[in-house]
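Residue numbering begins at 1 within each chain, and the chains themselves are lettered A, B, C and D in the order written.
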Amino acid sequence: MDFAYTPRAQELMTRVQDFMDAHIYPNEHLYHEQHAAFGPDNIWQVPPIVDELKAKARKAGLWNLFLPESERGAGLLNAEYAPICEIMGRVHWAPEVFNCNAPDTGNMETLERYATDAQKEEWLDPLLEGKIRSAFLMTEPDVASSDATNVQTEIRREGDEYVINGRKWWSSGAPDPRCKLLIVMGKTDPGADRYRQQSMILVPRDAPGVKIVRHLTVYGYDHAPHGHAEVLLENVRVPASNMLLGEGRGFEIAQGRLGPGRIHHCMRTIGAAERALEMMCKRLMSRHAFGKLIGEHSVWEERVADARIEIECARLLTLKAAWMMDTVGNKVARSEIAMIKVKAPVMALKVIDDAIQAHGAAGVSQDPGLAAMWAHIRTLRFADGPDEVHRRTIARLEFGKHVDMKAARGR
Amino acid sequence: MDFAYTPRAQELMTRVQDFMDAHIYPNEHLYHEQHAAFGPDNIWQVPPIVDELKAKARKAGLWNLFLPESERGAGLLNAEYAPICEIMGRVHWAPEVFNCNAPDTGNMETLERYATDAQKEEWLDPLLEGKIRSAFLMTEPDVASSDATNVQTEIRREGDEYVINGRKWWSSGAPDPRCKLLIVMGKTDPGADRYRQQSMILVPRDAPGVKIVRHLTVYGYDHAPHGHAEVLLENVRVPASNMLLGEGRGFEIAQGRLGPGRIHHCMRTIGAAERALEMMCKRLMSRHAFGKLIGEHSVWEERVADARIEIECARLLTLKAAWMMDTVGNKVARSEIAMIKVKAPVMALKVIDDAIQAHGAAGVSQDPGLAAMWAHIRTLRFADGPDEVHRRTIARLEFGKHVDMKAARGR
Amino acid sequence: MDFAYTPRAQELMTRVQDFMDAHIYPNEHLYHEQHAAFGPDNIWQVPPIVDELKAKARKAGLWNLFLPESERGAGLLNAEYAPICEIMGRVHWAPEVFNCNAPDTGNMETLERYATDAQKEEWLDPLLEGKIRSAFLMTEPDVASSDATNVQTEIRREGDEYVINGRKWWSSGAPDPRCKLLIVMGKTDPGADRYRQQSMILVPRDAPGVKIVRHLTVYGYDHAPHGHAEVLLENVRVPASNMLLGEGRGFEIAQGRLGPGRIHHCMRTIGAAERALEMMCKRLMSRHAFGKLIGEHSVWEERVADARIEIECARLLTLKAAWMMDTVGNKVARSEIAMIKVKAPVMALKVIDDAIQAHGAAGVSQDPGLAAMWAHIRTLRFADGPDEVHRRTIARLEFGKHVDMKAARGR
Amino acid sequence: MDFAYTPRAQELMTRVQDFMDAHIYPNEHLYHEQHAAFGPDNIWQVPPIVDELKAKARKAGLWNLFLPESERGAGLLNAEYAPICEIMGRVHWAPEVFNCNAPDTGNMETLERYATDAQKEEWLDPLLEGKIRSAFLMTEPDVASSDATNVQTEIRREGDEYVINGRKWWSSGAPDPRCKLLIVMGKTDPGADRYRQQSMILVPRDAPGVKIVRHLTVYGYDHAPHGHAEVLLENVRVPASNMLLGEGRGFEIAQGRLGPGRIHHCMRTIGAAERALEMMCKRLMSRHAFGKLIGEHSVWEERVADARIEIECARLLTLKAAWMMDTVGNKVARSEIAMIKVKAPVMALKVIDDAIQAHGAAGVSQDPGLAAMWAHIRTLRFADGPDEVHRRTIARLEFGKHVDMKAARGR
């Protein structure tokens, strides 16, 4: 048993931390200023500072750190990438500077694992270069997405092409002007076995028939220039070679994609919670009320202590899940992955909400950034499956340790 | 003991409910459409539907229902106005249609109680007519507002005028194009006794030196066309006759203003929670997952039941506080007022958050309006004093029932 | 709307309060001393002080206050009895002094409503006199009692007799040496319609075949001399005339019995919570830590304030349920009755647990009585149906306001 | 980073687990039966099965596993002992079988570290042999023990002796008939520096003047034959050589003692929570209500999943604290030790309470043992310092990372 990070992880943590100190934190204000300068009618543009810093990060060798088991990535274990990802997660736009941002990381992993060489050349290489961006189109507005068998989008073979029809939403990153690739999930064979009906297919963003209908907000935030789109797919035609892995294998790909995706979200979430705790402490030590520092009132001691306890818990649980993914694989680790997916967002929301309360009215405003942080993390209680479904998974695995559920039902 | 609303209250509840059904709910979409049509550069304008409906409400006699103990108002008791206010609170812009919206109601009550006849003629009459709007400038960015003695704005007498210098924020309603009056709290005599340093003064919105520095967001919402301003007051000069009640009486006015203001907030909050519960129930009964209606999964039964229980509790507590204000006065009722100020927002935030979770990803978007409702109510955990200060008040009154705190300290 | 208690209620509250001050509180210690003096082998005896005080209470006219709508009782409304019952609930053995203790009150109400004159003469009269005690045998160890259709005890007609076989537990009060009557629920016709299989029958405690198998503890407490028994019924024979109301009407009686029973439990629970809060306040004001009174540390302000808020909420909800039972009847009030059944115990457990924490290690001991109070109230989260079942009831009534559940299922 | 237990730990875990399966679980019933057979007047005796099993465990080499850094113990790291201690913690009387029970383990560690060779020979050796038992007398009834400087017991030097006067309570294990040693904390020099006033001294249980005044209950449990005593020390005289480490060093010893003591409590607590979860799962899978297994109602899925998540979190946090104690020492690990001291009991109380609710009324009775488990763990929220004090420690260390608190106060 050893709770120390590996030397390789420690070395990269130091370098990423130094980069954050030198280049990210000092430019947080500039990022927002540059974006604001585009004006309210031109929000779907990327502040120039991002490209400047991407060049710096790449030059520093802090690039594509997320990709495990591949010569294209840094070759880090999940348990090594975890603390690095956490550091990046302290600033919402920082991961992109290291080409480590969602949903591109998930999409790159998907291509790395399942794409043909031709598909990789066309899409994975420019993504790894950070030249283009991508989106993942799974959720649909008209059905309960918590039950993934409900997907209704149709992918129909016609000669050498597939024709796609459907309506997707929460297509995050699709509004980004650099987005060139959509990975679309849909049904190729509604009559097949329940988990063989689905396929994933690669759709160029500019294919005829792809239409962004509107932008969704998250507690009032448009998340520009990244954004969340509702996308209409009307008779979109792509070559048959754009099919990923093969017809009917969409579920299999989704399962493979979601493990690492969930753990990355949790790592970044823990980084956000750490930052919120830091801001809470500083604020509480900077103002007096009723004759002493606000932080010396014991209600605040309690909240700060509980924040520290719960952050540590969530971090350890996430590291253990990562370590299990590294040592026994995603399938054996599925209870642990479900556990962090429930724990990390709930934990972070509480910490950030307390930090907001510590800031008084300033907390809900644009100033400290805590409200934006909270709104973003609130979406993680449904993204990649709602809490309720993950808890169901955990409980069933737990019951299964002690009883044969089928036999129990029959009694 | 009688939990039935008075006949007068019941009659008005029916009429307001009918008005909501006939005119407010059917126009909810139109309100947002009209506002969106102004474009992102012109958000500080009021959708025309508001004025249309105000005329209708006034004609229907549903106007200025909030004002107790005054011939200018409807003469309702607080306990009678409560359930009516709750109904209005189900749609965030509905109260204004009945000229019953914050902060104008609080400002009108303040003027009714403390203004001279000349001041009333100039400001109260057009406010009661719904022709102008107003703002209340108390909170300042640089000090802990939870301790009200910290206010730093200076109000200095110079001959027949007062000269005002300071910086305020969270001046809600100040950005509204119809806002003509600012009620400003500041210090006239920093050397006076702790609770006699403050005064309140009437400042025309267009007085030279009054400058809206920027707009604050609440989570990502700008709350246009109402909005929240940061206001700079630089050598603003007003006639000496604009002083309210007299120098050094600012605290006294604040105390008188906050009781009804807090209770109105709570009533509207309960209305919002009721609406969220209704939306949650309808959504849960409209979709299936894992073989049955989502609402038939018992985690949702639990949340719906707890929502119903806690809404009822908060409503009864609010009604009792209102009844005490009516029967024994705001001062005796101060523990009850503090209690609802803590209970109602915390209760509503939980109900709305569960309703959001019930809606899946749609919940955080602009579609059902729940995210906006949550963000708005989150501000009530600091507005008019943070939870922590109200709990302190309640606890001290509780301890005082059993022990002499001064004597206890000395032991 | 009027939150004031009726003059009749106020008058009785004063008299009961005076009686508590004069006779109950000063004898709390004596009660335990007298019981301890019996020695560990003779715990099923009643301390003599109880009979002394019963005589005093009866003489003072504070007797059988619980029974509404009957010339045998005090004729109080539920909403009038509620605050009186709450006062008695502050000391666990006080209700018996006024002949107002469970399960005898519920049993007396049952007899009053459903018994024949002969049955009343034999059992109700001595119960109302306080000369005998009774028990209610419903729960069984081998089935989930949350679903009341599971009852397995058999009641078989044989000529002029019924023969009863079954095993019951949590037969509270059965070990009391004065217990003479058992009201037993069982199945007369397992083949009948689901809600017509059950009957209730009167069984003398000393009938051959009635055997107390053992005593159950509640968190280590034996609750002697009242106690909770596991009772074996082996070929117990009673005259056919002991059937209550008629064969197959057990469910109907249970429904009629549970409404008032639940509300009495809640009233007493609120009284207990009030006492715990009082003890918490006094303790927090009596000791110093880290340079000030423990109660001046704001974590304790928070807990005291939340205790006050939640007690008020539970009380108002209970009063409203009582008022509805008085004005529209138990059936219409069933959501409200379910609501208080969930709310009151959960609220009280939190308040008492905080009071225990305020007392440090003393809190869990026999000294302040808080641990015993907590253990007793913890049982109310299952007694008369577990929280989960009441929440299910509330949720279904709530859904039913908005949708037709059957139609929704079919969609 | 490596979450696997060391080979040595794994090997011992297997052996202890096997011993539990072979000897402890099959005798749980017998233990209680033997104790009950002593009768209510003779509860302070140890069931013979304990000595039988102690002999077996010792023979199996499963003895004194707790003692680190000593040739007398098994030489395990804290992180190695942790999972073993957890296994033992599943049955409340099991640790003693392995001579690993509180407070003897803490007392043995104290003697090992701080006693003279003569003191060790007299007391440590028989304790390590399991021949005698011991108690630790620190808490006093008349002062707030959360602030340890409040201790009032007097230890006065007179010639070659010390004379001790004071009143202690919660002296756990003192009523055990085999208890021969009391380690007593008291003041030798009330005029000295705040943390140099205290000393610890060894007092034979049978020294004249040592009197057990009464036994304290925990909820209704007497915890016989172990028990919790209130002890009066009246002019108790011991040789001067019984002083531990030296006058004025009581605080230093207390600090050294509490680290391992707290972590052992947490480990056992996690074992208890695991067992409660197992019992909850089995029960939920064994009964039906409303047409399906109770565990298939999603409220129970939620509770089971949350139990699994929070147990894992508490375990990882405890293991990390143990690892830090092993690698950087108790002083550097003091925030982590405080964190588990808060987290583990609160976590376990929730899990056990849910397990109780899952069992219905049976849960609070003597049958499954859950109520006793809950009552015992509830004491850990004050034992070795209340939650509030540990949170204060954590918060202050957290604030200290970001600001200089002294400077902040002065601003």
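As a working rule, contacts are C-beta pairs under 8 Å (C-beta built on N, C-alpha and C of every residue); 3 or more make two chains touch, one makes a residue touch a chain.
The shown structure was predicted, so the numbers you read here are calculated from the model rather than taken from an experiment.
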Touching both chain A and chain D, which chains are there? B, C
Pick out whichever of the two, C-D or B-C, is joined by more C-beta pairs in contact. B-C
Can you compute the centre-to-centre distance for chain C and chain D, using the mean CA position of each chain? Integer Å is fine. 37
If you average the Cα atoms of chain A and of chain C to get two centres, how far apart are those centres in Å? 52
Rounded to the nearest Å, the gap between Cα centres of chain B and chain C is 43
Pull out every residue in chain B that's touching 2 or more other chains. 288, 297-302, 388, 392
Touching residues (chain side chain B, partner chain C) in the complex: 1-6, 9, 79-80, 277-278, 281-282, 284-286, 288, 292-293, 295-296, 298, 300-302, 304-306, 308-309, 312-314, 316-317, 319-320, 323-324, 335-336, 338-339, 342-343, 388, 390-396, 398-399, 401-403, 405, 408-409, 411
Where on chain A does chain B make contact in their complex? 39-41, 139, 141, 143-147, 169-170, 216-222, 287-290, 294, 297, 299, 356-357, 360-366, 371-372, 374-375, 378-379, 381-383, 386-388, 392
Listed in rising order, the residues of chain A that touch chain C in the complex are 297-302
